[in-house]
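Order of writing sets the labels: A, B, C and D. Residues in every chain begin at 1.
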Amino acid sequence: MNFASDNWAGAAPAVMSALTRHNNGHAPAYGSDPLTESVSNKFNELFEREVAVFFVATGTAANSLALAAYGKPGGAIFCHRDSHIQVDECNCPEFMTSGGKLVSVPGPSGKFDANGLIEAMYPFPDGIVHHGQVASVSISQATESGTVYTLEEIAAIKEVAASRSVPLHMDGARFANALVTLGCSPADMTWKSGVDVLSFGATKNGCWCAEAVVFFDLEAAKGFEYFRKRGGHLFSKSRFVAAQFDGYFNEDSWLDTAAHANAMALKLAEGIRTAGGRTAWPVEANELFPVLKRRQFEQLEAKGAMIYEWPAKDLPEGHAPQADEVCVRMVCSFATTEDDVAAFLNALSGTS
Amino acid sequence: MNFASDNWAGAAPAVMSALTRHNNGHAPAYGSDPLTESVSNKFNELFEREVAVFFVATGTAANSLALAAYGKPGGAIFCHRDSHIQVDECNCPEFMTSGGKLVSVPGPSGKFDANGLIEAMYPFPDGIVHHGQVASVSISQATESGTVYTLEEIAAIKEVAASRSVPLHMDGARFANALVTLGCSPADMTWKSGVDVLSFGATKNGCWCAEAVVFFDLEAAKGFEYFRKRGGHLFSKSRFVAAQFDGYFNEDSWLDTAAHANAMALKLAEGIRTAGGRTAWPVEANELFPVLKRRQFEQLEAKGAMIYEWPAKDLPEGHAPQADEVCVRMVCSFATTEDDVAAFLNALSGTS
Amino acid sequence: MNFASDNWAGAAPAVMSALTRHNNGHAPAYGSDPLTESVSNKFNELFEREVAVFFVATGTAANSLALAAYGKPGGAIFCHRDSHIQVDECNCPEFMTSGGKLVSVPGPSGKFDANGLIEAMYPFPDGIVHHGQVASVSISQATESGTVYTLEEIAAIKEVAASRSVPLHMDGARFANALVTLGCSPADMTWKSGVDVLSFGATKNGCWCAEAVVFFDLEAAKGFEYFRKRGGHLFSKSRFVAAQFDGYFNEDSWLDTAAHANAMALKLAEGIRTAGGRTAWPVEANELFPVLKRRQFEQLEAKGAMIYEWPAKDLPEGHAPQADEVCVRMVCSFATTEDDVAAFLNALSGTS
Amino acid sequence: MNFASDNWAGAAPAVMSALTRHNNGHAPAYGSDPLTESVSNKFNELFEREVAVFFVATGTAANSLALAAYGKPGGAIFCHRDSHIQVDECNCPEFMTSGGKLVSVPGPSGKFDANGLIEAMYPFPDGIVHHGQVASVSISQATESGTVYTLEEIAAIKEVAASRSVPLHMDGARFANALVTLGCSPADMTWKSGVDVLSFGATKNGCWCAEAVVFFDLEAAKGFEYFRKRGGHLFSKSRFVAAQFDGYFNEDSWLDTAAHANAMALKLAEGIRTAGGRTAWPVEANELFPVLKRRQFEQLEAKGAMIYEWPAKDLPEGHAPQADEVCVRMVCSFATTEDDVAAFLNALSGTS
């Protein structure tokens, strides 16, 4: 019953076997090997156009370096109040952008909308040097609240970004989970909806360590290799990342693992609802945030459920925890089994 | 006949099998897993004292973050003119230290000595704000010229560093190769000789991606986790690094791979000497820098030898390339075979 | 009728004449001149203890460098939502701290209190690397809303800062204005209430360019000269700043100019109240923020009043502008005359 | 007999009186005042074309911010080994460029030439990410050795810079001194010879604090105001700088002060030569570097001559100090009198 996080899992079989398979012979270092080239082409195929792909060590690095590529002195980066870049990256975005300011945009369910963005940008008119300058907009897909932006929502946000001539970045730490939810193409969910640069995360969905910055804006990608290297993020044996991606994409295993994780999350949510419970936000990817009696939470923990209390704020009426309640986070991954789900729901039904 | 670089190899069998072995079940992310703890203890054993170990993505990151931990505004970092941090890290040290200046210290064979360091520090007296302030000293062991500092040489450099109250950093991208050459203990080659912080590299010697910053100065290690995270270098599935180290250290496989690589380099050097050739510098680890007739170099390349021309400068008399000569770099690794060596020497003997 | 800003005035007579008076002969550069020493001693007297004083070019530099002296990787700097460092310094604090994050603390009338600070610090527990670390707390005295913290309020904020082992910084761009309001000593308003480092502003109150960072925490002041120089803020002919401070402090002229500016602001506020108007916040220093009918505002502008619309948000009930109203900012300085005030009030009475 | 530095003088009469003259009434802050506009136009006239002018606090800031405007990740900035940016700015250039590397170019008499630059750029080929990328070239005019580049020398350096598509920066801390030596126009010495951005220093030549970044490359100037503000270098009462420039340029007073300083330096040099002495480098501006017997140096000091020992290195044969000799720096300014010169030469003749 381990629902602690999707990065508590190891590597999925397809990924691990690819890593083993490609561990032979010599290959040029620093990403100039044939396997990296082949994986890069796979990204082109996947996105139905030419893209520029750069492997980096972590999702935090992917986000921060992508934003650095669009950095400006006094730059304001607009993101959700609860976004990973704002609350979970120890100022890596601020550091990599040489002092960018992350401006929080509020919004329900981990998402902000075009109007919220317009309002947040209001104190940053063009040409007022004291206030700095609008630099970029970042959304997480899926969000940190387990929800997913629709294509229309993304496009509307893009329109606001474009009206200020700044790019739209997508933190895709859980890209695959969002994608299978929307059932659209990778192209639809990114550049066709206005995304300029994407942090393509594969680690949470079954890799050991496979993160990439994907530019649709090829002009901005020029020189990005220097940002990456300056951050210490150019792997020497870069093919070990390429190998993981090779296994990840092979026979669409990445979509299978994501679909499985999402299905497990939905099943949990349904079971909780059936048991009379609720979740803080809609369950649209592989995370769910049930609101439990604190008593239940403690009983579940005692029974071995690995779940964490979550500081959910500003929940809508009818969703917010009451005095005796607590919001918890549960995350599913490729490694979550039907048995885990059943065991949890069984344990839940035994609580009182 | 691939002598291009030690990072052209994949992962050594002991490492790859450990990675597979530890790929099961859930484990806490971000380095709080039991395997990481066990590997950290292994580091303590290895160094015969308590150390603070932090995994990072690359050798460049290890060096730059270690130096950042000792950063000062206007800080001067003293290193060899040909050191990796000075010429091969795209200003990552300068960036991570928020504008440090790498001051080149000259010296033959990739090494500088105490006197050279004293002279280089001369323009940086204490308290003259215009010139900045002495911040740290860094040596590479083994060096970028394939040579190795003796323990006495390290201690003498340390003495100079200590006289200015700054730490001694060791870039150990090829730590194992130097260690087997000296035949001393890891403790001897580091803190017992005055090293305060070490970039412990394992990637070149048989891992996919296993680099660690090791602090002997436990006080300075406090807060280092924030430097690492701010640089985007905290792995989520951190156990994949721990697993590699587990295999690396298991049954001293790391010493075997390093000893093998060194032996191959020596055999090449001897063969070259036998054939009437010479190397630019003594061969003391797994790299050698033969000086060949340009004609020979071209013939060797044509026969499939993967070797690179090297911009060797300021070589001592009798070593420097003549007009028709060229210096090349050759690197051996765990994956270099006796056959590779024999094939190369055979090819060399066929040149004219 | 120029109430645009206190930095639209020139230099006060006492300051200008001191600048002229000290413009003779040679004097050592970079702050090692006798006049700088004498002014530094004056600061010691003023604060009734030894302090460390550093001149810098601007208030923005003073704030940002002071915070940089206490910088940490992933550092969170707590300040009021409307503070100058948060909204008017183009990320200079973020840049000088190598990526600090300015965390907004809400609170009425430009002030936050101890409870607000505790709540804002809540998401930054010690030891959770993802969230970064608490680095410092900053208050403005007088505030950007023209209000003044009481000594008790400062001490309560300090207590929270101290509970997290971080320093309290005071942005004293309008230090003198606050001081004459409280009627206490400079020592009372600073280190005796827990302030560790102060941006001592004199420019707005009658200098051309005289800003200083004043450390009460002498330990933290060590090495600060390197921060200043690295920021390009060490003046060569530093005595031109010292000369201004000499005139500024001479015969307490600085208290006179501040008292005058405050009095003018109060007179304006009273006149506005008499005329049936109101201000957004209490008038406690040299700034006032009247809420006017938009019609009145336009008529006043047409009559030559230099006043600016102000984006006052979250005003308490009874204070917030109605649909046909607008909040404006008016600032008084040493150069504001009784005639200016009378003319404005007269113009106001003529509006409808 | 004060020859310590040109920044030991105060403000020249023309500058001081302008500062007094413009100290009346209100004027918009932050550089939007009419006087700043008028001075900016004066710069246009002076350079015979449209330029973009930005006032900053110090020469160090001017240099560092100008280079920051052309910063690149992993950027290499080429400058003379003895240049102010390399040895006297406490890493401000490195900091403002977020980790730029200042690459020293050697060359006699404080100057480097096109060939030296080509050689220094050799290790930085395009597209090799490890080595970083060529970012800019900087020369000092006049140099830190008191010499002056000819227009042909500047143009030749520019050609090399242009061949790598990077700009040429000129550190004009002693711009006026070089200008009167060459007897050419400001346009000739800058953009007509290929300079893209200039640090225009006026402080040493008679101002209190008047430094400007002047862009001839108007495209690069866009957005520069954000670099300046982010560095804390936007003055609020900016007109106090404009006023100084107004006096500086009025009736060409700046050329008079520079010509005077240069003449005094030449007279000193001639007197020294007449007395059988020599200088380390040609005397082409307002600085001279006599090589004296140490005995003489001590006697001169004892007689009250303010002169400093100078670490002159790599002097050509016949110029370098012998064992009993010492190189000293002497600097003249507008405030150096004929009497000072006579007194010094008289004192020198009395030494033995």
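A few notes on this one:
The rule we apply is simple: a residue touches a chain if its C-beta (ideal position, glycine included) is under 8 Å from a C-beta of that chain, and two chains touch if they have at least 3 such contacts.
Going by UniProt, the chains are A, B, C, D = L-threonine aldolase.
These numbers were taken from a predicted model, which means no experiment stands behind them.
Contacts with chain A (L-threonine aldolase) and chain D (L-threonine aldolase) are shared by B, C.
Greatest centre-to-centre distance from chain C (L-threonine aldolase) is found for B, with centres as Cα means. Two chain pairs, A-C and B-C, are weighed by contacting C-beta pairs, with A-C ahead. With centres set at the average Cα position, the gap from chain C (L-threonine aldolase) to chain D (L-threonine aldolase) is 35 Å. Chain C (L-threonine aldolase) has its Cα centroid 41 Å from the Cα centroid of chain A (L-threonine aldolase). Per-chain Cα centroids separate chain B (L-threonine aldolase) from chain C (L-threonine aldolase) by 51 Å.
Counting only residues that touch two or more partner chains, chain B (L-threonine aldolase) has 30, 73-74, 89-92, 95-96, 98-99, 129-130, 132, 226, 229-230, 234. On the chain C (L-threonine aldolase) side of its complex with chain B (L-threonine aldolase), the touching residues are 30, 68, 72-74, 98-99, 129-130, 132-133, 223, 225-230, 234. Chain A (L-threonine aldolase) makes touch with chain C (L-threonine aldolase) in their complex at residues 73-75, 87-92, 94-102, 123, 129-132, 311. Listed in rising order, the residues of chain C (L-threonine aldolase) touching chain D (L-threonine aldolase) in the complex are 2, 4-5, 7-11, 16, 19-20, 22-30, 56-62, 64-65, 89-92, 95-96, 203-204, 208-209, 226, 229-237, 239-240, 306, 335.
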